[in-house]
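Working notes for the structure below.
Letters A, B and C mark the chains in the order given here, with residues in each chain numbered from 1 onward.
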Amino acid sequence: MSAGRFWAVSFVVAAALLVLTRWQIQNEYFFFAGYVVLQYIVLATAWNILGGYTGYINFGTAAFFAVGAYTAVVLHKLTPVPVPVMIVAGGIVSGIIGLGMGYLTLRLKGVFFAIATLAMAIVAQTLIVNWDFVGGARGIYVIRPQHGPLVGGYIQYLYSLMLLLTWFSVAIARTIERSRLGLGLNAIRDDEQTAEAAGVPTLRLKLIATTVSGALMGMSGAPLPYYVTYLDPSSSFNLSYAVNSVAMPMIGGMTSWVGPIIGAVLLGTIQQVATVTISSALNLLIVGLLLIGFVIVAPNGIVGLVKPRHRARGGR
Amino acid sequence: MMIAAGRQPLLTVGGLTKHFGGFVALEDIDLQVMPGERLGLIGPNGSGKSTFVNCLCGTLRHDGGTISFDGYRLDRVSAHQRTRRGLARSFQLPKPFRSLSLLDNLRIPLLYAVNARPGARLSAAAIEERSLQILGDVGLADKARQLPRDLTQVEMRKLELARALASAPRLLFADEAMAGLSPSEVEEILGLLFRLNDDGITIVLIEHIMRAVMSFSTRLVVLVAGRKIADGAPDEAIRNPEVERAYLGE
Amino acid sequence: MEISLDLLVNAIVAGLLLGGFYAAVTLGVTISFGMLDIVNIAHPAFIMLGSFITYAINSAFHLDPILIGVTMMPAFLVLGMAVYQIYYYAFERRGQESIQGLAFFFGLLFVGEVALILVFGVDYRFVEAAYIGPSLHFGFVELPLRMLVPFVVALAMVGLLQLFLGRSFIGRAILAVAQDRLALQLMAANPSRVKRIAFGISIATAALAGALLIIIQPVEPSIGRDYIGRIFAICVLGGMTSIPGMVAGAMLIGIAESITSTFYGPSWSPAVAFGFLLLALAVRPAGILGR
């Protein structure tokens, strides 16, 4: 399926899903939980562009995600803008951070890059903690409007936005995956030195990957203040975002756009159920154990279990 | 292939120096490679041959000296840019793209080196065709859609050369492309290199297998302990007393 | 802002004492990551485990924390060897160390923290010992015993290990593995066995480091995360494989954190080590690139 056709078909699927769920489902909890699962699909998909496609493990998801959320907070305090504008703003700010982080750290290999990303997350968190305008360590309260701009409650509205964002990020991921860029990233992942010798502009491609990945993560964080109504650094920079955005693509499968969706839906749903039934700490334990288990037993994830490794690729 | 007199050198290296901390790997190396030449580069282990190639191709940054290719200074040019300009190399230890088919392995240089040059860009169909053609030239056409995982040693070497070829180079560094191969396999690779040279590609052969180097080269350069100690016709260079000493010991 | 001399000197002294402790914390990673090339970012989890076991035994039996720490070391040695065994079978053997190994240890770090939360809860825990509380005074310089004692023990552990690596047979085998894996294989010594012992030793140091940690400050499970950056910053600054270099790096970070905390407030100190790390990684010469 060509890129254009995929965008169209997937949009129809997403729109159909949207209409169906909003029309049929009355239980508000579905939209609360659905928002979270969709948010994780975006995070996992975004992570995978840099992690799965390019082979650079990012532990600093929180930096981009929380920065997106705090960008929304800043806008919320300065001038009231609609949430879609905040999403775009979050994407831009986090994209710039992704570009900067890439520039500083992409000369590093393997674990040094991963630790540097973690370092940036901590640095970002420390900066926010010390910034009183957005509430600092105490956090900040954000009032959630009663109704969405058109029809229905506000949570349904946020859910709808997140669904559209999910469609957008999945479509981007697949477009990258099947394009010349994706082939180049794949080459970088397999052997960066050989890729460079073969004519691939490795630094430039890696910067594109970190920027796109960061921007999408920032976009997924932007609606968060309205969703939680109370935002503070320790929860928005929580390491669980990093673990989840690593675990979901690894468990789902890192080589294709389908993997992060599978991983996010699976793990996201398990966590939503477990948080309600057991305890939230225990469900994080489950995620950690699943990550370890899959990494040992099924390194190619669920997608790898279902499909053999060899895939004839298209490319332009 | 005869070297036309009065032609400009394709590659000019002046005073090339490289050190790792206190260790001097290359010291003040001058070299000219003429278009169409078959240059042999030999030297004992640790003499700096691979470091030399790495510096020329941009994998390593050289510390001093100049490199010019086709009239352009390459000193601060990145490795992928050098490949786009027409410099290609095969690696001593073949490192193919493991998750890609052989066909896709060749697509990379076709997309990123050939298509990045000014002029006509190859379409997707043309790229696939060219990829298959190169694989055919090296005798790997029937494995085009397989992963590199199952290739034999000599097939990996051929793939490595094929990938370097796919970037349509003017100058190819074949870095120990024959190490560990049987005599008949060495002949195969050698034959391939002769054919490539006939097609107009200048080749620098870095090798330990003396028989192959002597039969292939129109000119021989000898590197010992980071310095060039001989540069000339193969028979003469090999009889240079310094070269003998380097190989046989004091 | 006027910088008072007493404050500055005390900050530096406190930083030195802290640095000694940081050396104990980083020692294990210098072995596992610097020498063996194993990306154990879960090291802080083992340290936290050591801290909490120390707490549990101390509050139940009132034994001295350092005694507990030393007694735990053999058990942690075995634990480390077991973890290495899993790592070896799952990753090193398959040659997939980089991404999968990293994810494995990341998962371990996280599982460790959550397991501690489930068992001990999120409250701060502390131990009781005679030297927690009193301080020595030299003029205006204050030396809290709760920092001085861990400082001495930490440096003792580092010194002993340095001797062990240089003098004993196993120690030298470890150094050999660190420098040249191929040579060791040719000598018919199985590198993975040596690595297993070395990794076990690295985890054993975490046991004592954990005991020292809970002497210095009360702990709660998520503190481990702050240590990831510190540990790797110190390891990198110290030159990866050099233990004396690591100690120097630890002192540097300790002093930097102490000064930042004294003059700018403690909310900035997590960023100090990470900031140093980013700087070190950005500036460091080719030794790190392409590792």
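Observations
As a convention for this text, a contact is a pair of C-beta atoms (placed from the backbone, for glycine too) under 8 Å apart; a residue touches a chain by one contact, two chains touch by 3 or more.
Everything numeric in this text was worked out from a predicted model, so none of it was measured.
When the interfaces A-C and A-B are ranked by how many C-beta pairs touch across them, A-C comes first.
Across the assembly, the mean Cα position most removed from that of chain A is the one of B.
Inter-chain spacing, taken between the CA centroids of chain B and chain C, is 47 Å. Centre-to-centre, using mean CA coordinates, chain A is 32 Å away from chain C. Between the CA-based centres of chain A and chain B the separation comes to 43 Å, rounded to the whole angstrom.
Annotation for chain C: no residues touch 2 or more other chains. Counting partner chains per residue, chain A shows two or more touched chains at residues 193. Every residue of chain A that touches chain B in the complex is listed here, in rising order: 180, 183-184, 186-187, 189-191, 193-203, 255, 309-310, 312-316.
On chain C, the positions that touch chain A within their shared complex are 33, 39, 41, 86, 90-91, 96, 98-100, 102-104, 106-108, 110-111, 113-115, 117-118, 222, 225-226, 228-229, 232-233, 236, 267-268, 270-271, 274-275, 277-278, 281-282, 288-291. On the side of chain B, the complex with chain A involves touching residues 57-59, 78-80, 83-84, 88-89, 91, 95-101, 104, 107-109, 111-114, 116, 124, 127, 145-147, 163, 166-167.
Listed in rising order, the residues of chain A touching chain C in the complex are 51, 55, 57, 59, 104-105, 107-112, 114-116, 118-120, 122-123, 125-127, 129-130, 137, 193, 239, 243, 246-247, 250, 279, 281-282, 284-285, 287-289, 291-292, 295-296, 299.
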